[in-house]
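Per-chain residue numbering starts at 1, and chain names A, B, C, D, E and F are given in the order in which the chains are listed.
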Amino acid sequence: MKAEALSKMTNVEEVLETVAEFDREAHSFYTDLIPKVSKDIRYIVEELARAELEHIIKLRGLLASPNMRAHLKDAILRPVADRRFSDAIQAPELGDAPDDQEVLQYALAREQTAIEQYSELAANTPPGPMHEVFSYLANEESKHKSDLEALYYQIVHSGGV
Amino acid sequence: MSFEWIHVAYAALTLFIVINYGMIMTALVRKIGARVSGRYGIPIWQNYIDLAKNIALRSKVTHGAMFYLGPVFRLTGGVGLLLFVPTIYGSVMHQNFSYAGDLILALYFVFFGTLGMALGAGESGHPHAAIGVSRGLAQVTTAELPLALAVYALSLQYQTIDITEIVAAQQGSLFNWTLFTNPLATVAALFGLVGTMMRSPFDVVMAPQEIPIGPPTEYHSSYLALMQTNRVLFPVAKVVIFMNLFFGGATNWAEFAVKAFAIYMIPVLIGVVNPRFRVEQSIRFFLKWGLPVGILAIVTV
Amino acid sequence: MFSFQPDRSQYPDIGPDGKFEIDLETGKFLKLWQGPNHPGITGNMSVELTVNGDEVVEGKTHVGYLHRGFEKLMERRTFIQVFPIVCRVCVPEPDFNEYCYAAAVEELAGIETPEKAKWIRALILEMGRFNSYMMSIGGIGGALGNGIVGQWLTYVRDLMLDRFEELTGARIYHMFILPGGVRAGLPEGFEGRMEEVLATAERYLDDTEKLLFTNAVFKKRTKGVGYIDPALFESYGVTGPNARAGGVAKDVRKDSPYLVYDQLDFDVPVEHDSDIWARATVRYRDLRVTIDLLRQILAKMPKTGEVMTSLPNVLHWKIPRGETYIKGESSRGEYGYYLVTDGSGYPRRVNVRGPSYTHAMALLEHLIPGTNIADVAALMVSLHTYPPEIER
Amino acid sequence: MRELIEHLTPRYSLGAPVFQRPGLTFVDVKRDKLRALLLDLRDKHGFTHLVLLTAVDWLEEGRFQLTYLLNNRAADQTLGLRLYLDRANPMGDTIHDIWPTAATYQRELREMFGIAFPGSPRVDEEFILEGWTDMPPYRRDFDTLAYSQQTFVERGGRETHEPRATMKHKLYPEG
Amino acid sequence: MKDIDKSFKKDTETDFPLREEMRPRKVTTPDGQVIDIDPLQDYFCQEPPKVHRKSYSAIVEGFYNWARANSLWILGFGTGCGAIEMRPLMTPRFDAYRYGIQWRPTPRQSNLLVISGYLSVKTLKRAIRAYEQMPQPKYVVGLGSCTINGGMYWDSYNTIKKLDEYLPVDLYIAGCMPRPEALLAGLMDLKKLIRKGEAEGANRYAENFDWYKANQKSVIKDWDMPDYSW
Amino acid sequence: MGSLRDVLSPFTAWKHVIETPVTLKNPIGREAADRYRGFHQNDTEKCIGCGSCETICQNAAIDMVPVDDPKEGDSGLRPQIDYGRCCWCALCVDVCMTGSLTMSNEYTWVDTDPDAFRFIPGVDEKPWDAIAKGYQRPGERMLSGLTRPEMMEMEPEARIDNFDEIVAGYSREQAVLEADRCVECGLCVATCPVHMDIPDYIAAIREGDYDLGTQILYETNPFSEVCGRVCTHKCETVCAAQYEGEPIAIRWLKRHIIDNVSEERRLEIVGTPQVLPTGRKVAIVGAGPAGLTTAYDLARQGHAVTVYEAQDHAGGMMRYGIPEYRLPYDALDRDIAVIRAQGVEIKTGVRIGSDITLAQLKADNDAVVLGIGLHMGRSTRVPGSDAPGVEAAIDLLRRITAGEEVPVPKKVAVIGGGNVAMDIARSMARLQKQKYGAVGVTVTALEDFAHFLADKEEVTESIEEGIEILDARGPQEMVTFKSGKRKGEVKGLRTWKVISIFDDQGRFAPQYDEADEIVHEAEMVVEAIGQMADVSLLGDELTEALQWNRGRIAVDADGHTSEPWLWAGGDSVHGPDVIHAVADGHKLAASVSAMLAAKAEVAK
């Protein structure tokens, strides 16, 4: 099932680096976006940026933990989704003055990518602290996505009287 | 029989035994009555507790000297009755102060308590007591009439008024008992017994449903305790007379216990299952049935 | 053999109005109160006797010791709120209050009672009658000094109270007959347990008959005592067993059938002597009828069906202006509720017509003069009066 | 029943009858005709049983209603006679000579409603109440709760809350 | 429930008219003495009862209390509905006799006054009289909700609400009315109280006699009654 | 007299002496019957503290005491029972609206302290809390009605081809019957956004005093006639009657009052402002419920109020969002007439931002209030959602009301499960019926029927009218003609089955069953999934200057924005709901008026 052609061995540190990079990019993307959108929907973008920042901080904390350091050099299989992950780092098109719905749709797509990425990483990692880290990250992202979806539903599918 | 000081102690012992016997026996009889109702009834030692409780009560209201003396008289009646009647035939210890004329004295004591009670209750000032006394005296007097006649018949039959002698005459065989030698007198006397034991159908004087418990209505605390003591003593003392006069007396305590209980049960047997007569109905009953039997007993002697 | 004066002393003079002339100052008379704290009084009431010797020359009944102002209290309660308090009007047989009140409200509000509820109501009423008669016969025994009867029959009544409890959820105040029906149907296996009680009751009643009704002393005390002239029944409002003891077969169940009594098969026992004996006997025989009725009701009762109709919201239930009178045959006679409504949410007036009201007041006062003190309690018990329904 | 009422109406100038249900009829009577009517009903028409005698206070209308409930057992008919009395000075006519038991009812009415029945036995004696000095308690303007609160001590320490007010106080105090 | 008529004012002006024979007056005795009599003086029972101290010896008092607890004589005064549930106690089903509980027809011989339910003012007067006639130590049990806080008759013009305003109550049993079993349980609790020496209501009554009397007088206007009505 | 038998037979009683006594060995604590009415139990979770038990208790034995903070539909009070009063009649159990109050079969409670006989069942722990036996109400409550009277409605056949109002309103008998079911607990009052005195006006119906009823309505709600028809009736969701039956039809009862008062009488009852003009001027943008309520309140306080409305008629969403068959325009007009009678000037057809700028309003008035509503439809933005033939429901509804020509194809698909979706579906159905004599509307909703947003009666009525409602369908694509004359135009809607719409935490997370795919044939697809406010009138500068709160203008509790002269309220601030908008209106008016008073104070 795995696209073994593309896969090769890598180590944890590298993977995590990519992840961090992804988040950093996202954060700066959202931060840049803030002034572009109308003030009334700015809160969405601000929240997204804040979430990414939190994510970065969390990841850094993880990397710093002594328990993790021992495993940083563990070799793991490079995940298939890695490529898609890297792709997503590039900011897609989002118009000049996107409205709330567009921003949310964009963010949801990004989250979906992240979830898939982490899930695959977790699946490829043998049971151990690293596996738990990736599972945890996947879980974090899906929680985040759920939050966004709820927000989306609240804003867009408000029903009507 | 000459008087000796030791007899006082003996008499006290008799008194003690009889009181305790009465305490237990009356409780037992109440339990038996309760059984007929379908109940368990009071504990067998309930009489002791009640007595202790009544003594333990703190307030004592008196209505005058006679109110106080009433129960004393009544108890004196009971004690006197017992003390001048031989309790256990042939026993030196429990011969008490019986003497040649004790039958007369006994009859007197049977009345004495009632009179004392009447005086005491009368002084309590309660109309229930007053009415109770008048009704009670009227009824008791007629109830005693057949008893008096029976005793008269007995004294004619045995030619003595010494209870000990009468008992002696009945010894030997069951058929020497007055019950068999003079059944009419026995029946007449039993009229008296049933009539004076304050049980249905002749307890209208003490009935709670009409004039609530009649004469002793005002009595409480230690006065009542005194009366309670008498209430267990007096019936037994009375039963002792009947035992001696008609049922051959008792030669030991066991026989005493059985016989006294049996005689005591006679009014109980009747009382438990019958309603009570009105006073004038009781009087009429004794005059109509008791008196003729008594007279007949005398006539047939 | 002996002839005592047939009437007891004629000591008090008879005045021109046919009554005794009583002057307490003469000292010939004594005032004697019976009650309210008195074991011979059927409940909390009192009789003020004037005695001469132990003959009573005048008796006045005094009531009000149990007065709670029910009829006033009902006026400030809504129609449903009246329901819990009506039963308290008569302690030993509360169900007639519940039935009469419910029926009166139903009539004025135009509510239909379900068929099954009617049967259960009749069942409850007969159970109540059973208890009431048990108390009454036990009370007669007790008043005349035969406590055993009272003990036995109170025990039987206790058994019936267990059935009451099982059916209604309460022992004394059942609060079961709501306007609109009854609270619930019969519990599982009720008939069987009821039959046990009835069988026990019959056994005890057989014993009671031997103990009380074939008892020379009892006969002596009751026959010819407390005679009520049947001619006076109407003027003194005598109903129920008291009238039936005098040969008048008055019974609302027959005269004006309510609930399901027209579907039941029963005779009304009648005695003719109109004295204490007759009154006790007629109750005893009526009790036997009641036992039979209980069996009939349980057998004929429909097995299924609603027991309660849905009511309008009782919190603001208003009943149009009107008045009605509902009566039933209680164990003591005609029991009735006179209900007046004025269109508001509260009854305008509720008047309870308890049979004791006439029996214990005017009638008792009429009967007492000339009797013996000892008979006063018996007389009262034989009239079977319950003070709470006099003063309410 | 209808025939009887029709028969009696002209003679005793009865009011319009109310046929509450078969067997129960109410009709208004005038005070001066009451006695004759009662006697007539009792002696000629079989209404021998006085079921009850009571009063209803129509405070708003300023009158008392006396209800005489008579029963004819043979015909299973009950007839309620309604007699109105002026509330300001209520005075009824005693019928204790017709039905002795009425004396009790009249005593009660005297005490509970303050309706006078001159000539009725023991009518002015205390009946149910004792030491009563207030207005007759069954009158509508007598408030039993108020009287009870002013007379009898209640156990304190109870306080209730109204759901609506509580919620207002807690949830939207200024709204 | 109908609203209370706030404007209603109880008539506090009218005094109960004292009957002629109840008024204080001078009477000439048969032997010519002139004495003052005040009939109501007796009815009011102005004289406070004596406070009876416990026995000096704890053992004696303990024994006494044991006896008192095991010989409870109840005054057979059914003041209200609850009386009907006292009857089963005397009868086979419950048979309270086996617990040393008995019924006496006169207050003089009773130790326990069971206020069986509500007390109308008229009965309260009799209950007080009965209570005062009982010998010390005496106990009062409030049977049913009516004795606790008025119960069903909380708005009645003729019933009291708090029994402890008028009599010293040792124990309350909730219920309307309490079943015989509950009453029996209450009596068992009372026994325990007595045995512990805590049922000193009579002394409480004596110590606070003025307070009790004031309360009683505030509801009872007519104190005239035969002093032996039981 | 008396035979020997009479003398001897009594002695047979002695046979009992050998029988075992029938006495209970240990009577204390003997278990009572299963149905015995003993001490109370209360399931405090189920209890809502409505106080019906207290009301019915004829002994005044029950007090409602606070045990918890109140929340919607729960007063936080719980019954405390005084066993110094209780008579164990169990009416409280019978009347209990939720069935939480029951009784155990425990009956012994002895205490030396008379004050001890009180407790809160379920809160104060008692030994009998867990006893299952005891009195429980058999079945549902019988002491108050369970069901509403049937509302007279037009039959589907009669109503489907016209826009006549469907429901007839209650008759007097029905209204009394329904009003009778109310237990007057007042739990609804807190939930009602304007806190209408619901129990009071229901009581007024019972008493037949419609004038009083109208007066009570107008104390809190100038749109009573509108609300009597289209209110979201949050009150009914907390109604105590709903637990074992249907909630009280509070909305219909409100309507019943207004229906029974003529317009003239209504004007008389409400009257006109009884104060002197203050000379202060307030401009209100948007003649919807929020704006007009503000105007009504302010005008009654003597301020000069002008309402600017972009559309041709006042009423806002009430007119343009709600179809006529639900809310006839003359009903709305009557409500507005009362408001106009207070001296409120309503300028219609004036669009702020283009006709007059906000800045100008600011300059001319002491205060400006925004009540602009949600007039822009949301789009799903699935592929094809910009194709011709895809319409926004809100826009379509407006056009229908304004009398503009709208395309009426034979087949219409509606996306959305809310009331707007129902409104547009039913409106289109009517137009279809008029045009073709047949209805061809399919509603696809994301939610399943259990979680439907639209009112139940809306859904039932729609189905009655021949509208197909498919629940749990997620829109995936608007299918368009790929070729031909109509290339690019919509020809259908492709949806997937929704397996679950919420995750286990109750948040939106639709899971689709891709296999269950349907293409709904339709020439018009109407998106009715939600609305948003058109805030363009604010202009960039003001938008930038204002504080915002999650896409909406940030206001404080009183509706005051971050600009001192500007207030905002209604749907655009608090979401779509007439009654909320009215509540907002009151708040705004209070705040504005307080500010004006302060200003006047300063001026003095």
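Before moving on, here are some points about what is shown:
In this section, contacts are C-beta pairs under 8 Å (C-beta built on N, C-alpha and C of every residue); 3 or more make two chains touch, one makes a residue touch a chain.
Model, not experiment: these values are computed from the prediction.
Here the chain-to-chain distance from chain D to chain F, counted in touching steps, is 1. Number of steps on the shortest path from chain A to chain B, with steps defined by chain touch: 2.
If you take chain A and chain C together, the chains in touch with both are F. Note: the chain lying farthest from chain B is A, by mean C-alpha position. Mean C-alpha positions place chain B and chain D at a centre distance of 60 Å. Distance from the chain D centre to the chain E centre is 35 Å, each centre being the mean of its Cα atoms. Between the CA-based centres of chain C and chain F the separation comes to 56 Å, rounded to the whole angstrom. Measuring from the averaged C-alpha position of chain A to that of chain D gives a distance of 87 Å.
Among the residues of chain D, those in touch with two or more other chains are 129-130, 137, 142, 144-145, 155. Residue numbers of chain C whose C-beta contacts span two or more other chains: 31, 38-39, 64, 67, 69, 72-73, 75-78, 81, 84-85, 148, 151-152, 155, 173, 211-212, 215, 217, 220.
Under the stated contact rule, the graph of chain-to-chain touches falls outside the line, ring, star and complete shapes. Those chain pairs judged to touch are A-F, B-C, B-E, B-F, C-D, C-E, C-F, D-E, D-F, E-F.
Those residues of chain D whose C-beta lies close enough to touch chain F in the complex are 155, 157-164, 166-168, 170-172, 175.
By the touch rule above, chain F contacts chain D in their complex via residues 49-51, 54, 62-66, 69-70, 75-77, 82, 84, 114-115, 118, 185-187, 189-190, 195, 199.
In the complex of the two chains, the chain F residues touching chain E come out as 21-24, 27-30, 32, 55, 58-60, 82-88, 107-114, 117. Those residues of chain C whose C-beta lies close enough to touch chain D in the complex are 60, 63-64, 67, 69, 71-73, 75-76, 107, 234-237, 239, 250, 255-256, 322-325, 327, 334, 336, 338, 340, 348-349, 351, 353, 357-358, 361-363, 366, 391.
Chain C contributes residues 31, 33, 35-39, 43-44, 46, 64-69, 72-73, 75-78, 81, 84-85, 88, 91-92, 150-152, 154-155, 157-158, 161, 171-173, 346, 388 to its touches with chain E in the complex.
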